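Labels run A, B, C and D following the written order; every chain starts at residue 1.
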Amino acid sequence: MKSRKMSEDKKREIKIAYIGGGSRDWGPKFMTDLALCPNLSGELVLYDIDSEAALANVRLANLLFAHPEAKTTFRVRAAKTSKGALTGADFVVMSIEPGPITMRYADLEIPRAYGIIQSVGDTTGPGGILRALRAVPIYQHYAHQIMEYCPNSWVISYTNPMTICTATLSTVEPSIKAFGCCHEVFSTQEMLAGLVEKWFAVPRPDRREIRLDLAGINHFTFATAASWKGEDLFPRLRQMIGEEGFFNDHTPQALHRLENHLWFDHDSLIAFDFLARFGVLGAAGDRHLAEFVPWYLSIENELHRWGVILTPYSWRVERMSRHSTRDLQSHIVSSGEEGVTQILALLGIKHLTTNVNYPNRGQHPGLETGAVVETFALFTDNEIRPLVSKSLPAMVLSLVNHVSQIQKMTLEAALIRSKELAFQALLNDPLVRIPTDQAWAMFEEMLTFVKDTLPDWSL
Amino acid sequence: MKSRKMSEDKKREIKIAYIGGGSRDWGPKFMTDLALCPNLSGELVLYDIDSEAALANVRLANLLFAHPEAKTTFRVRAAKTSKGALTGADFVVMSIEPGPITMRYADLEIPRAYGIIQSVGDTTGPGGILRALRAVPIYQHYAHQIMEYCPNSWVISYTNPMTICTATLSTVEPSIKAFGCCHEVFSTQEMLAGLVEKWFAVPRPDRREIRLDLAGINHFTFATAASWKGEDLFPRLRQMIGEEGFFNDHTPQALHRLENHLWFDHDSLIAFDFLARFGVLGAAGDRHLAEFVPWYLSIENELHRWGVILTPYSWRVERMSRHSTRDLQSHIVSSGEEGVTQILALLGIKHLTTNVNYPNRGQHPGLETGAVVETFALFTDNEIRPLVSKSLPAMVLSLVNHVSQIQKMTLEAALIRSKELAFQALLNDPLVRIPTDQAWAMFEEMLTFVKDTLPDWSL
Amino acid sequence: MKSRKMSEDKKREIKIAYIGGGSRDWGPKFMTDLALCPNLSGELVLYDIDSEAALANVRLANLLFAHPEAKTTFRVRAAKTSKGALTGADFVVMSIEPGPITMRYADLEIPRAYGIIQSVGDTTGPGGILRALRAVPIYQHYAHQIMEYCPNSWVISYTNPMTICTATLSTVEPSIKAFGCCHEVFSTQEMLAGLVEKWFAVPRPDRREIRLDLAGINHFTFATAASWKGEDLFPRLRQMIGEEGFFNDHTPQALHRLENHLWFDHDSLIAFDFLARFGVLGAAGDRHLAEFVPWYLSIENELHRWGVILTPYSWRVERMSRHSTRDLQSHIVSSGEEGVTQILALLGIKHLTTNVNYPNRGQHPGLETGAVVETFALFTDNEIRPLVSKSLPAMVLSLVNHVSQIQKMTLEAALIRSKELAFQALLNDPLVRIPTDQAWAMFEEMLTFVKDTLPDWSL
Amino acid sequence: MKSRKMSEDKKREIKIAYIGGGSRDWGPKFMTDLALCPNLSGELVLYDIDSEAALANVRLANLLFAHPEAKTTFRVRAAKTSKGALTGADFVVMSIEPGPITMRYADLEIPRAYGIIQSVGDTTGPGGILRALRAVPIYQHYAHQIMEYCPNSWVISYTNPMTICTATLSTVEPSIKAFGCCHEVFSTQEMLAGLVEKWFAVPRPDRREIRLDLAGINHFTFATAASWKGEDLFPRLRQMIGEEGFFNDHTPQALHRLENHLWFDHDSLIAFDFLARFGVLGAAGDRHLAEFVPWYLSIENELHRWGVILTPYSWRVERMSRHSTRDLQSHIVSSGEEGVTQILALLGIKHLTTNVNYPNRGQHPGLETGAVVETFALFTDNEIRPLVSKSLPAMVLSLVNHVSQIQKMTLEAALIRSKELAFQALLNDPLVRIPTDQAWAMFEEMLTFVKDTLPDWSL
């Protein structure tokens, strides 16, 4: 960050590099938030191996920054090389797809043929593990580049599997300043905000007013406490879920969602099941929570019973191949994401306490030091200071720790390109309860399918 | 131990109390070995809540010690109270059945109705957990009695679930001198002795010549190395299991066993599958190994594929109700068990290095301090000194640690009589992948069935 | 806290109990800050075994709250019993003197006769340990009372030895909400603020603008980093202390201080010596830092060489016996202490990030879980959330850990009233390098002197 | 070890390399024991940078193996290069002097000028640290050579500082099979054997009959229990040292020793002082024990009070420069050392349980994993299996851990050639309580004196 002293009223000049700058989802959101931020200005450089996609986002950005509602402007361009994007950057945003979208077939459809279904398949389970094997080498590459071209930059990562991608950065370049961002916790806050509105007969509060104690790993995080303006929300939640019928069969809701292609909708029934069984509230969507334990995904009907449906592979492909309009709306509206706010905080312009994926230095009691965990942290001038979480109950800690160990094995397997070790990680996954010989056949099939994305493996 | 100084040629006078002294299996074996031990003499007092069974063993003992091949004699009697048996004892042997044998219905048949099958069901899985809930209060009771009536005695425990029973003793009476014994590792040594005979064209060596590095928990233990007279056996094992066809479908063998009621027979195929997949050899019977992981027991056919069959509940009941002859054979033959040898070693009469279940004080790297683990130890004068094990590979350590945590939760649940915590332990078990609501229904059914054995629970 | 919902413009009604309410130093400061706080109102109840002293503070408080510059009013009274003070309290402030001031003779003068001098003697060293033995039973008593009469209250402790007193509360009542406060770190911030004024030619910034990374234990805390508005201050500090002559003999300054009774003055030379030798800045006064290591206090002259002088026992007695005026000044001025601000933050009225003494839950990497450590924490609505500190360099961590272990031994000795264990703690102290037999004689003399304050010891 | 299978009655053929083969003390002892061992034969190759010394030992060896009392013979030669000695070796013995004996001036006399005296000065304190800085690069060099020329050999190290030398081997070559041997514990056993003789009116037992529980680090080891044939010796020891006058001033004994140059004589008064104060018996000579704590070595008179005298630098030089006769005695007598017995055990020829310096894998509860510790271990066929020690009392564990951390810092400083880090280790040593500036001056003087032995340092 070139100029640290500033009068508060001047815009801060920064350079942001965006790796995966052709991103159809995170890219436009991030640029919109940037356009709405009066404190920042400078240069935004997009890099993508799909240069057309990057150029499309450049065009969109130019419209955004020229919009009458924009509060600042950035010089935006697409870089031919990642070096060109990274050199001199103050911040690096990373959101990539590891390999062509059709690789998701191996993540989702091959395991399904062996009886293993996944509601998301990009974080954990066979799908998450295979995706990690593709993503790690890419992250490894950029970690080294970042330390070469912009070693003092902050790296904000949005890619799934979030934990393993972030851990790749901190493992291969221990002095990198990187963290992972995820909005799943925001949804939990939104859900609770809705309940507060109802319970207290007040206007729906901003999600940031819902204070959580949080511990876990990305997409498998838990609120050990929740309050709003000093009101403890847990007793009310317990009463609500204790009511007759609360956990009734939600298959009708699931069928409705199937019919209407509402892949992401759910009723937090699994999040609440965790609260009922173990005393802590799942703080991610049910689609995610379901994948980390062996209880909800034995057959598709069982998942429906909790109101959750599978996101189909076909829809994923179709969405990506759809012609992205990337049109400007008449109004530009904040995305609700926090990347730009985090940048402001790291520049010392504002304080922020939020959830973050970060190597454990003590903030998550009971998990290994160095494992990437999701907890709250204070973002302050050029520093992230994790807040120590409350301890998870023994049962949940055991579940989380199990997954964390699988992630560690997966990362190591990906770094040393070891099929055997990767297979051990896969066998250890709670979703895998098929015989070892069938699991091996499945894994070989998966690897064969994606082998072009793993060029330096012996396959 | 009253008289510590002795001339080596005199018999040592000791008192042994046997809790569960009516035992049909361990009892006769132990008394036979005692009769064959020239160094010991003294008093053996049997206590059993089934006083008839104890008296039957007294009769058997009198025959044994009067047998011409016997090398010593002991005064044997049945005690009316455990206090009478324990007072002044130098050694306490414990082998009990926690509740009537029909309780095993709840351990085995109720889970089967919910789709969870177990090959043994007395150590882990739903059956092992329910059995632990019954056994812990009994062990808790005797732990206190032992510290009251014979606090300096050594306690040798043979009851399953071995780990949790032993842990009960060391948890509720931290200064008790207790350990758990199991012969499963002997079978692994025997199996390897057979291979040595074949590979080296030598007479089959004594199992004690097979040197193992051992780490794990009872029935889920692993040899990280094996040698015979300095010859590393692992390369030969790896070659053997790498041969075409080694892991072929063993359903024919299983069917043969089913037909002939050879419930305990197996081919160590699962023990070798661990070696193939993870680099360490399972050091327990396949019936046990299969229960700790979710891969082999999804359906009965799958288990057969590995050559293993289920031990049926009906056989268990029938065996127990069968009229025990407890007759004397024409020759009395050493059982192959080590209880008496351990007594000799603890008396300082001989040295012994053998496997033992004992609280972890450092001997099992990577497992929690205090958790009962199975490793080798040196038995010496009034002391057990564990040998530090080699580290298990990360994958296997993760599996073992997972089970160890479940055992800890089960023990705590049993000690505080918490249905909720016990249910968490059950949900955490690798064999349980049914939905949480079905699991709860199953668990309630199991508890209801055995509720008479859990008098101070709120059920 | 009775009324959690409030409109922000109304004063919050709270009850504060002050144990040691006759305090001449912390008492008036706290009441002054309370009078200047527009957000609070309610009841302040002082309890002191010296009821005269408590009444004197009641009179002072009434003047303060009636002062035209006061921004609020509190009902103030002295309670006859601690129960009367504590019942229903929202906050409890504790600042006590453990035993008559003449007990300090045993803390300071008896060790001096054996060649052990201490610059403060209330935190560590023989004096700190003896003082802890007196303070622990008192804190133990109040811990139980607080959990009986106001279990939901927050306890703010100001008594030395800070670490051991705070640890007493959390050890004997694990669910107590207690923390310890100390202003030594403020002085470090003030010192750095003075340097910022000089280096950057700006008006002296408020100390809160000096951002520190902090780790250690009370009075032996270290800044691993320091910045002001994003400017890293460490390179400038290193340059400053690297200049020729910076560490020159400061005996002249010491002699000047001796002559003028400036007992507390120093030049931070020892704090900077830590920076020079180990890379981290001592974040407490030199009088304190010198006592935790064996290098500066071998003889009084050596201490003078660093510009520090001993605070004499005679002055301590005289100060306490001096007739306290407790007069009101014409203006009432904020003390600079943070107790009232912390209360506001814990009520959810404002956010505060400050240093705090609190049991380690992960915030201090490398120190034992549960040990009371001094780090930064976020004070928020009814919660203290520690921030994870940077790791201390191995050398300093070793020193801090050593002292932390001594504190643990001292606390345990005090709780079980063990002279032998207390002596082990004393022998382990870095200031004690006299022969064990002389140390024992010294310790016996010390204990004999204070034996009336240790009624339930066998002395 | 080339030929693992053998008939038990044949001599085993091995190759032993001796680094430091000109050794005047350990060399002749080792060769004598070898000559008395009927089970071994083969080749012994001596390497020494002082080739004359190596040749002198070759001559001595030839006399020894030709002696009528010799039970075997070895081919003995001096190698020109260490490669020549190491290639193909089954065992490597290392006993070296790190630098010329005159370097000991810097170890002993320079600190003395600054007021720091040491009774031995080769293990800990300023002398031990400086000696370590010289020894580590040498051990580092041979570690690499051993892994190149004889990676399967066992390395037996006799050099002081024992802990740091052994740790060098395991740190720079983690797969090396190395351990350190020391006879100090034997002396404790001898001392206790003498007491057994007296107490039980029996012939003095062999020291191996004294069973110890042992934990600590070399020269600072402790017996937590001691027994002889099942008789607990601790109650008798406690009674003995509790008698009036036991700890009386032993200055007369010290003066007698001074006069008669009995540098190594002592009365175990310090070992017993540990027992009296902390409950565990020091298991090394008082000369060593005194150096690890700050209580006995403040001035020389104080050391005399415990019956111990300093070993003078002048005597050390004189002994080394004395013309070594290395003559053969009329009888050849076992040295009492265990090197040859350890070789037999590692060859699988006999079992041995003895004390050993070895990286902590769990055998020393409370010390860091990887730190070299001294405990008992079982030596068996090609393997050392440490026995888990009893926990040391908190006080002693704190002292041992402190020293272990200093050793870790010293080793790291030596490996990275860092003067600053080495100085931190020195400041942390319990014997160093001089001001930091004086300590720095002292350290610079020490380093300057030995700078020729530290060629790749920046001094």
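In this section, a contact is a pair of C-beta atoms (placed from the backbone, for glycine too) under 8 Å apart; a residue touches a chain by one contact, two chains touch by 3 or more.
Not measured: the values here are computed from a predicted model.
*Asks:* Moving step by step between touching chains, how few steps can get you from chain A to chain D?
*Replies:* Graph distance in the chain contact network comes out at 2.
*Asks:* Which chain's centre, taken as the mean of its Cα atoms, is farthest from the centre of chain B?
*Replies:* C
*Asks:* Rounded to a whole Å, what is the gap between the Cα centroids of chain C and chain D?
*Replies:* Here chain C and chain D have centroids separated by 46 Å.
*Asks:* Quick one: chain B and chain C, Cα centre-to-centre, how many Å?
*Replies:* Computed value for the inter-centroid distance: 56 Å.
*Asks:* Specify, in ascending order, the residues of chain B that touch 2 or more different other chains.
*Replies:* none
*Asks:* Strictly by the criterion at the top, what is the full list of touching chain pairs?
*Replies:* A-B, A-C, B-D, C-D
*Asks:* For chain C, which residues count as touching chain D in their complex?
*Replies:* Residues in contact with chain D: 247, 273, 277-278, 294-296, 298, 302, 305, 394-395, 398-399, 402, 405-406, 408-409, 423-425, 427-428, 430, 432-437, 439.
*Asks:* So in the complex, the part of chain B that touches chain D is made up of which residues?
*Replies:* Its residues touching chain D are 1, 4-5, 211, 227, 229-231, 348, 351, 353, 361-365, 369, 376, 378, 380-382, 385-389, 391.
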